[in-house]
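There are two complexes below, and they share subunit A, which is joined by subunit B in the first and by subunit C in the second.
So, the complex of A and B:
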């Protein structure tokens, strides 16, 4: 990993430990030897209260590329995550995470996870990434809500 | 097959031969009367409605000069700001003016127009950049009028990532929409933090404008093409009146009986440096073939169907596992090296039955259909190999010609260099000037010759095919004659003397090559349009 992204990632970690939004978690993955690999993180996005996403924390993996922060990190939900803007592979379609679109090097981890939390409750029907969730969201809201709530049970808060 | 088709990775369709033409196009403006034929040919190309641009000219005329012509009353925008606005509107003045009158403030906001003075490049003590999080005692920083300061190297990395998109580059803060002025982008790219020289007068080599030109060409694909030659940054613009309809080249079927070719289909253009290419398919000058025939040929050469034909004709499949086996010895007792099945090569029956006696000697009426099929396939394959090998021969001859020229060029350059100090050397530059041009004509002749084999491969038999083949012979003879003259110069002891001696010959032969070449192309086009020749894909 280039020293540039390493310093920045260390700083991101420091800032996150100092202060992060309630209900979220984010930590670098420990490798086999117990050392920290700052380019791979796991994180959890809590569903907003009073929404169909509430009561659960959705896991994501964050991969920071060599060129970070010139290029955005790649963020994935588990495969086949049910959301109109999540590809079957789990990759999230969000403009601030797209280097061709709105990514800027100054975007922090906190801004990213808050952006994803926002996307959960407010999908963008303009850029569908999977058929089932998108179709249901557009045409059959009842099924959509049912499926989202079913999914929430899978990731229900343990505390 | 593998010998002749060894390099069959599509590489035969590269454009490396473009590098021959390095005469900077001077020739077209020059007054070398020996080449008036080509001059008129190139002139006719220009008249056919295409405009040649050098990248710098393009940026100057289409981007920079438009700013000067732009007139927005009651706007006090500076030149720099107008450039940003125009870039934001994809260099469309009309759109800019419309948007401006719809709401000047909104337009300025969207374009990220700067407010007040730009701090630009500064040096800060004990500055911690929030992008790279490095804390240094002294840091070069950059910021726009929003005062969002980041270190110069972070800006450098960011700008490098953003440039290829060809759009305005904004401040690194996500919600800050301010655009970095073009001249400052250039300075960031050069890591030049001298704030004073924010010059508007040298924008033709501006990185952002270059990438914007790139985007512009993509958006105006119907009228613009980059020259495909290696390292060439020239553009060719097709006149709007002569513009090609967006041809669906795949839909054109040259093997349709009613195919008459189409004039607009093959539009050979030349860039300012004399590189010829086809405007439709961006490939080299492939006349007399049409783009669709080139495609058919490309598919044929690239895919492995011919390899399979060869296998079918020259090998037999193991009756047990189907592995292709080529017989390389006299004995007909075969043992498959893969599955160890033993069989007889003649009747393909198991060898078990042959141990005591040969029952395959008995004549069983051959399957006539099968045998006929085999012979037909072999004939097709031979035919293909005939044309393919000639096509490839000329392709590689082009590379040899280039070597010859390079060697001659080196000799002449050395001679000219020594001439400065050696008074016995009296040959002037004017006397050897013709070499470049003669050589260019040789390359073009060979290129056309190469493609005639593809053309001929698909031609069905007719009297007009014979005429075409005769034209091909003429061109072939002249090209070889010219190539030989060049080689003679290269291999002689006193090549400078020959360069002068053979001048008339070389000029004449290269002229004839060109005449022949143009006649051949013209004749092929005429035959095709009059429906005198047809193509067949079935070979």
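So, the complex of A and C:
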């Protein structure tokens, strides 16, 4: 890992521990020797209250590339996550996470997870990433809502 | 002046005598009473001296780790001195411009008076045409106001820098006041200035500022970024592209961080002291 990406990730971790939005979590994963790998994180995005996504915390994995923060982190939901802008692989389609589009090195982890939370309730119909959720969202809202609520049960808040 | 008969009617009196000469003398008398006769280079070197003094004072504070206890009376006095010096110079510039304008007017009036010759001279002296009675004072009050001088002086970059230094010493995280606008209601307030590098999220140590968009970054990370071929400004929502040559050292930001850190250190010392007592 380059020294810039290392200092940056250490600071991201420090700031997150000091202060982060309510209901979220984010932490670097421990490797088998118990050491921290700052380039691999797991995090949880709570669905906004009073929406069909509420009551659950959706897990994501965050992979920071060698060139971070010049390049954006790669962020994935579990495979086959049900959302119009999530690819079958789980990769999220969001402009601020795309190097060619709106990624800027000044965007912090906090801004990213808040952006993903926003995307959950407000999908972008202009950039479909999977067939089932996108089609349902466009043409059969009742099925869409049912599926999203079913998925929420799977990731229901344990606390 | 009684034996003018016999001379040709169309004999023109040279422009400089006798009426204009009289008025020119009057102006020269007034010009000699200008508020400041110091030259531009004299004023500049005086200003430089004051600014060097302030810089030395701040360097001393930094070196002795006393940035949190700056003497504002001293800095305010320095700012006032520089203001007065710039004002004196502007006043002098204004006087010189006005003197020239007044003289031009006199010459024009003299030339336009077609019947201004030796025959009409007496008449002319008795009843000077409109405009001949102009004095510097009437020009001065019509064009130069205190406000216009203050406005010009406020735009001087060296004076602005001094005022910015003062503001930073007092509030290292506050945006700089808008010295240009005299209209306080329009001034934007609120918000804090980030003292951290957007790339590494560490405190800035050797900050450089983009001349294009005005954003500030730490020197090393931004150069690394540019060397890796990323050209856009790292700030989200900023659409400027950067070149290495767009980056200039940001000494004011450096001072901000130094003052901020000095204050934090002082706070910690005080808390420790309280715990001990």
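Here, the second predicted complex is superposed on the first by the 159 of 159 C-alpha atoms of A that agree within 3 Å, B and C clash if a C-alpha of one lies under 4 Å from a C-alpha of the other, contacts with A are read in each partner's own complex, and residues count from 1 in each chain.
The definition used in the following text is that a residue touches a chain if its C-beta (ideal position, glycine included) is under 8 Å from a C-beta of that chain, and two chains touch if they have at least 3 such contacts.
Predicted model, so just to flag it, every value in this text is computed and none were measured.
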* Once subunit A from each complex is brought into register, does subunit C clash with subunit B or fit beside it? -> clash
* Partner chain in contact with A:100 - subunit B first, subunit C second, else both or neither -> first
* Asked: Looking at the overlay, what does A:80 touch: subunit B (first), subunit C (second), both, or neither?
  -> neither
* Asked: Touching A:20 in the superposition: subunit B (first), subunit C (second), both, neither?
  -> neither
* Considering only touches as defined above, state whether A:69 meets subunit B (first), subunit C (second), both or neither. => both
* To do: Go through the superposed model and pick first if A:7 touches only subunit B, second if only subunit C, both, or neither.
  => both
* Check the residue A:149 against both partner chains and state whether it touches subunit B (first), subunit C (second), both, or neither. => neither
* **Set of subunit A residues, in rising order, touched by both subunit B and subunit C** => 4, 7-8, 11, 67, 69-70, 96, 102, 104-107, 111
* Structure fact -> Listed in rising order, the residues of subunit B that touch subunit A in the complex are 130-134, 148, 150, 154, 157-158, 160-161, 165, 170-174
* Structure fact -> Seen from subunit C, its contact residues with subunit A in the complex are 198-202, 220-221, 224-225, 228, 230, 232-238
* Structure fact -> In the complex, the residues of subunit A that touch subunit C are 4, 7-8, 11-12, 15, 67, 69-70, 96, 102, 104-108, 111
* Structure fact -> subunit B partner, complex, touching residues on subunit A are 4, 7-8, 10-11, 67, 69-71, 96, 99-100, 102, 104-107, 111
